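Below you'll find a set of structures to go through.
Both complexes below contain chain A, partnered by chain B and then by chain C.
Up next, the complex of A and B:
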């Protein structure tokens, strides 16, 4: 897994790529919770994720829940087909808010 | 170079004492496929599964799994390989002193250092996948046969294994639960890219899930093929199995008397 965190004024974008499995999910969790701890909304770019297992999905779920508790936005951007298959299998495709563009995510953020 | 086969079985012979259970078995199981091993009672399919899992040493031959010859490797390597394998045994094999959730979490607690929140969420994801989330706090003794089977599957897939083995998934289940389980097995293959080996003799289930089928008869490999190839087979042993035709009771007098009188230890 490779990751890159980009900070905007009111939100962060976390770009992910490669395989996310048991070995990488602790790092993913740390990045997600670290970003949310700074009271910033978070958009996770999953366009280049070639594989995600349930430990990676669990990190996303925990991030979603933490954002909700802190009244922050949490979204997934351009989910790759392999990642989408896992989200569908775990019935989480209907839970997460999915975005096609950063503009779309930005426009729903409260000023 | 990574092989396209997840498992390669070569020239496998297996004996229990003087009795030969499997003879000259050669099967390739490709990465990302569902291979169903089927055969009647006594065909040797459960023994073959035990060999693949490294629970029974063959008398001759090799089993190469994800690049490791499991018949001739160290226990350490076998242990590491088992972390990439999930097994759902027929009876569930749940620990009776633990709740359903505790049973399912066990591999994660044994093999990983994941955060407690991650473990809890992963457990619930897997329980939800097998429709067992409402029963996470029950003890195994409080579960029906079908529920035990589903809990065993949840435990088998908790680590998202590369290889999933399933012994008789549909046996003893009602038709709806059985169909749901079949659907889940196919979805696991497609979404999680698992290679899945299912041992069963439930015909409906076989044709619902199999990419390829290996048919065993009296300890020998009768045929390996796609469901279409198996359906159109003219081999009497295959058609007999598919059409549930009882085996002919032609008795070779000499063989039969030898079976009845042979010394146990020979």
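Up next, the complex of A and C:
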């Protein structure tokens, strides 16, 4: 798994690529929670995620819940097919907010 | 019934850093059996989830012990057998997924395995230690 955090004024974008499994999910969790700790909304770019298992999904769920508790926005950008497969199997495709573009995410952020 | 053809026997340490090697080996074998990328992805996911369960729950993340993956093809069916050498799990109830209405991290592995595979069972092995999980999946032809 590779990741890159881009910081904007009111939100961060976490670009993910590669495979996210039990070995990498602790790092993902740390990055997600670390970003949310700065009280900024978070958009996770999933376009280049080629594999994600339930441990990776658990990190996303924890991020979603933490964001909600802190009244921050949390979304997934351009979900790859393999990631969408897992979200559909676990019925989390109805829980997360999915975005096609950063502009779409930005437009719904509260001023 | 057609005889089972063994396609893979792969033994590896029950450690999370070995899961990527497992996936690579499994994809190689599945590439010769099915042209459906979606199906191959699903199978890799289910077997990966089962291995995760072994690492976390059978071996309790103590980095000791191995897992053996066997892959067989019998007619239109793929059979995946995972053997570990940890304490025996006695109840198949542990393999039932939790309710998905609860939105919380964790506990999704069993659900994913049961959703993907056509048949999942703990094989009764005669030894005192170890578990054998067998999963079957019919190939779309």
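In this text, the second predicted complex is superposed on the first by the 111 of 111 C-alpha atoms of A that agree within 3 Å, B and C clash if a C-alpha of one lies under 4 Å from a C-alpha of the other, contacts with A are read in each partner's own complex, and residues count from 1 in each chain.
Note that a residue touches a chain if its C-beta (ideal position, glycine included) is under 8 Å from a C-beta of that chain, and two chains touch if they have at least 3 such contacts.
Quick caveat: nothing in here was measured; it's all calculated off a predicted structure.
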item	value
Clash or fit, chain B versus chain C on superposed chain A	clash
Touched partner set for A:95, first chain B, second chain C, both or neither	second
Touched partner set for A:19, first chain B, second chain C, both or neither	second
Partner chain(s) touched by A:54 [first = chain B, second = chain C, both, neither]	both
First, second, both or neither for A:86, with chain B first and chain C second	both
Shared chain A contacts, counted only where both chain B and chain C touch the same residue	21-22, 51, 53-55, 57-59, 61-62, 82, 85-86, 89-91
Residue ranges of chain C touching chain A (in the complex, touch as defined)	16-17, 19-20, 23, 38, 41-42, 44-45, 48-49, 52, 55-56, 100, 103-106, 108-109, 111-112, 115-116
Chain A contact footprint on chain B (complex, rising order)	112-115, 117-118, 121-122, 125-126, 128-129, 158-160, 187-188, 190-193
Residues of chain A defined as touching chain C within the complex	19, 21-23, 51, 53-55, 57-59, 61-62, 64-65, 81-82, 85-86, 89-92, 95
Residues on chain A engaged by chain B in the complex (per definition of touch)	21-22, 25-26, 29, 51, 53-55, 57-59, 61-62, 82, 85-86, 88-91
